[in-house]
Amino acid sequence: MKVNGVEIEDTFCEAFPMYFGRVLITAVTRRWALVAALEAKGLGTSSTMKPKAPGEAGIECELKPTETPDGRPGQILLIGEPTVEELEYYLIARIRKGVVPVPTTATFDAMPKDMIIDYVKVEGTPIQLFGDGYEELVNIYGRDVYKIPRMDGFYYIDTKFGITKGIGGGHFFILAESQAAALLAAEVAVNAIEGLPFVFVVGAYGGGPAASGTKVGGKNYKKVIATTNHLYCPCIANRVPDTRIPPDVQCVYEICIDGLTLDALKSAIKEGIKAAVRVHGVKKITAANYGGKLGEIQIRLHEIFK
Amino acid sequence: MKVNGVEIEDTFCEAFPMYFGRVLITAVTRRWALVAALEAKGLGTSSTMKPKAPGEAGIECELKPTETPDGRPGQILLIGEPTVEELEYYLIARIRKGVVPVPTTATFDAMPKDMIIDYVKVEGTPIQLFGDGYEELVNIYGRDVYKIPRMDGFYYIDTKFGITKGIGGGHFFILAESQAAALLAAEVAVNAIEGLPFVFVVGAYGGGPAASGTKVGGKNYKKVIATTNHLYCPCIANRVPDTRIPPDVQCVYEICIDGLTLDALKSAIKEGIKAAVRVHGVKKITAANYGGKLGEIQIRLHEIFK
Amino acid sequence: MKVNGVEIEDTFCEAFPMYFGRVLITAVTRRWALVAALEAKGLGTSSTMKPKAPGEAGIECELKPTETPDGRPGQILLIGEPTVEELEYYLIARIRKGVVPVPTTATFDAMPKDMIIDYVKVEGTPIQLFGDGYEELVNIYGRDVYKIPRMDGFYYIDTKFGITKGIGGGHFFILAESQAAALLAAEVAVNAIEGLPFVFVVGAYGGGPAASGTKVGGKNYKKVIATTNHLYCPCIANRVPDTRIPPDVQCVYEICIDGLTLDALKSAIKEGIKAAVRVHGVKKITAANYGGKLGEIQIRLHEIFK
Amino acid sequence: MKVNGVEIEDTFCEAFPMYFGRVLITAVTRRWALVAALEAKGLGTSSTMKPKAPGEAGIECELKPTETPDGRPGQILLIGEPTVEELEYYLIARIRKGVVPVPTTATFDAMPKDMIIDYVKVEGTPIQLFGDGYEELVNIYGRDVYKIPRMDGFYYIDTKFGITKGIGGGHFFILAESQAAALLAAEVAVNAIEGLPFVFVVGAYGGGPAASGTKVGGKNYKKVIATTNHLYCPCIANRVPDTRIPPDVQCVYEICIDGLTLDALKSAIKEGIKAAVRVHGVKKITAANYGGKLGEIQIRLHEIFK
């Protein structure tokens, strides 16, 4: 199958269930909302440094003042973890470290009601306890929120954040004739996905493409969670007999996408691929799978284009 | 004591020893180096979510292509943790999650030789193991580095990163007549500190000032690491008999600074204060201390200005 | 009349007819489209250096790849001049100097059909002549466009750009107790207006508020087009007997807005004022008029809020 | 001659004398200084829309607060025109339209004394007249400056700006196998030049490379100032018998540089070329000349590398 003359391999990306929160950060200006979102999404590019590091996070979109509870500019942040327990911990940690310190911020739950399967509660966490008894539970903007004293005024945060079960590990690979072509195609693909609903490119902000594609476990090293996807490294293709790199390919980037729903994720993969193949020098689009070791969700590239 | 007509309180900021790495991130363009540095510094605003979250991190300065080992644009990232053990873990985690995935990046130790007291070794960490045996130890740019295959080419990283013993918790408070004045003064102060050697404003990038000043432990809540510094919250001054907020103050921001040396930290505090007091509406500069519960280092504001 | 407790003076802003083009700039990535739009909007803050300088210009909004003729990211640029003849000249000049040099760009007319009263034709201008006979007239994306060879490929541009008759000089003044409060309120107001349809804040991009409010002609100097609006300068209030500055005001910014329609302009002024008055320290909102010397359009602030 | 394996053609770029001002813009924060500099440099990419449009302009570098007369963050803006008369007009126009409206700005002459051959005087221009008699001539920061009332306070500007005779039209061409490779190499080259003293890349800010390389006059069209450099357009190489495009080249970008001195310009060209040839896919570096029709200054590429 070809799209815009570029071969789309008949394979699937192997994905897995992941738990997500959808957090709205508002602030007095667009700039401060963005500063908070960027800090809160930091170290959000992979889940391979567990258990003492956060999982994945990214910015879904920007909201205008007319679209937020408090009438201020906002950023929608998606936070994903492999388990509900980890999400409970790191959703709070990301807000505590990334949002609470940033001037004028507030934080609201933005998960659509019909997608919620559970909640992260703020009560008893370092965010509520930060108030040291000076915080209050109030109803404002039609919501129950904590009103917590901060040096620059009160910080408002919803009392609970909806959790949904979504998908991690969505992705596709861009194989190109040169690093420059792969890099440009990757940026073009990320631009096409940014702002689509309920998804984010893992690693994106002014960034996005992943150079460090991984495989589950190791071939030579044992007891490792993830190692370089040696089959897709052009720079060692001559040392890897079963390399998947065609002769005319010098560089590969992975566009890794998390989605709250399978449909949203498929749409994002489709838009990303359609954009990437428009760049001259892109030779092939494919995806990686690991015999089910990573996850049981299979997203077939050809089906996306039906 | 007054600077530019603004009272500098005769007090000290209570600081503590912290362990730091100084990491140079290079990439093919300035933009990609910055994307990596921003991701790697994420969640770098406080150390209060221990033990399962990283400590502090920030960008010290940008390097030109002529100033880096590989002749490419670079960013100097400082990474700080309360203990050497935590630094060993999170320096690697920040690089693994923030730098390794970003296209075209490389990573070098930038700690001056005479400041090094120990090393974080890359051997045996998830970064070296990422190579899955395909990595090599080579000498390039006059350094011993790992050459690790990635999908977009080889990733180069020094084999070890120097650790120095520096200072965390350096800070000053800006007390102002309004949120707007405090916010502008804070941005002006951060601008004055950005780029100074061996320091970073905790939280800074397009950001910087901390709204969530904390005290050690709680007054009303027990068994908590840190809670809101209620003495410096104007919004609850009427409920706090021993409030430190003068009647004409409505907003406070903390400029929190980490430094690799005491001299660098003092210079940064001085430049920051000098800049902040130029903003009309700033009423007072002070600092917080906690009877030694936070740390034994005392930086007296008045001494800085001698 | 008060909004959020802040007095809105019962006055009107004096505005005038202006002619506008609405130009879509696309490029391979969001970043290059923005680079082109920023360069093309440059020197777009006032019309007071006539006849040898361009008039006004600003970015209305960003378009996603799915919203543009060529499926690439885009920016909508509005270009305004006092006369059709000047618009014919400077619309071409802004595209020739701001867009044509920027890698991978294309340029399309984005004026809604029912708003067009005339056209700027590309034929015979330095843009068409740039082709030196190697350009072709082709039909692509369902449009007649010039296909002009550039060193990085073909540059596509519509053969004509719709002109509409809109309004220049829309504005309001923010009077505040301090520079910091005025500056923050101005940024908040600009944030509320950015992205609204068919308008732009004159001067905005990462900017917006005007410090240099002007009056028509001079009081002391003759034969000048425009001079400082001395009635609204707090810094000389003590030298101006008929100053309009209340005793508690130290700083004023003007939010100057151009609009393709009166309704769009009124909505923008309303949203901007509503946002500005939320900032603590804002004392009054007003507008300026010049006895009809500037223009015959009167936009009464109180009517906007009915 | 080869640099990093890429052929540098034995030719010269044809340049010409140009007159420049070197203007320091300061503001309360880095952000506002940058907003002003970007607006003031707008439409600064070429001199081909004369006589009713400005010439060239670009940002040389950023200054820290400690490096400016008023102790605030600054940006150095270079403004170039073909004649002293045009520089007198457009230096004032760029400051009047790009800097005066931007909050908190001030403007100082930054031309080194020993490079000055003449001055642009502010007296009698729309900037001084803007004061409408309320302005004063004062001595501050050890300089004679106008103190002009603006709505947000006084605007300070030096009474005169030094002019130097420098060089316009410095440049080199990057010929590459693909658009992606040319684009990446161009960005890399611009990154290497940014911040070098006394030069700027024409068109640069987050941008830089020129797609629309021009030749003097036209081949098919007469009475035109400049048209597409058809000899260097790969997209029409098959229609141009004397094309200079090698068979393996698909895209060309020009890095166009203005310099206050010939040495500064040569250094910038050298650094730019050295950076560009590191990008895989770059096939050739060359430059354009027009039999002396553009200018009498010849900068031989091979001499630069001696």
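Lettered A, B, C and D in written order, each chain numbered from 1.
Just so we're on the same page, contacts are C-beta pairs under 8 Å (C-beta built on N, C-alpha and C of every residue); 3 or more make two chains touch, one makes a residue touch a chain.
Because the structure is a prediction, the values reported are computed rather than measured.
Participant: Can you name the chains that touch subunit A as well as subunit D?
Facilitator: Touching subunit A as well as subunit D, we find B, C.
Participant: Need the most distant chain from subunit A, centre defined as the mean of C-alpha atoms.
Facilitator: So the chain farthest away from subunit A turns out to be D.
Participant: Roughly how far is subunit C from subunit D, centre to centre by C-alpha average, rounded to an integer in Å?
Facilitator: So the centroids are 25 Å from each other.
Participant: What whole-number Å value describes the gap between the mean CA coordinates of subunit A and subunit C?
Facilitator: Result: the chain centres lie 36 Å from each other.
Participant: With centres defined as the mean C-alpha position, give me the subunit B-subunit C separation in Å.
Facilitator: Taking the average C-alpha coordinate of subunit B and of subunit C, the gap between them is 40 Å.
Participant: Out of subunit C, which residues touch more than one other chain, so two or more?
Facilitator: Within subunit C, the residues that touch at least two other chains are 28, 31, 179, 183-184, 279.
Participant: Considering only which chains touch which, how would you classify the arrangement: line, ring, star, complete or other?
Facilitator: Complete.
Participant: In the complex of these two chains, what residues of subunit C are touching subunit D?
Facilitator: The touching residues are 28, 31-32, 34-36, 38-46, 48-49, 51-54, 89-90, 93-94, 96-98, 100-105, 126, 129-134, 148-155, 173, 179, 182-183, 186, 203, 205-207, 209-214, 218-221, 224-230, 232-236, 239-240, 251-254.
Participant: Contact residues on subunit A for subunit C in the complex?
Facilitator: 28-31, 64-66, 71, 73, 184, 187-188, 191-192, 194-195, 271, 275, 278-279
Participant: For subunit B, which residues are in contact with subunit C within the complex?
Facilitator: 176-181, 183-185, 250, 279-281
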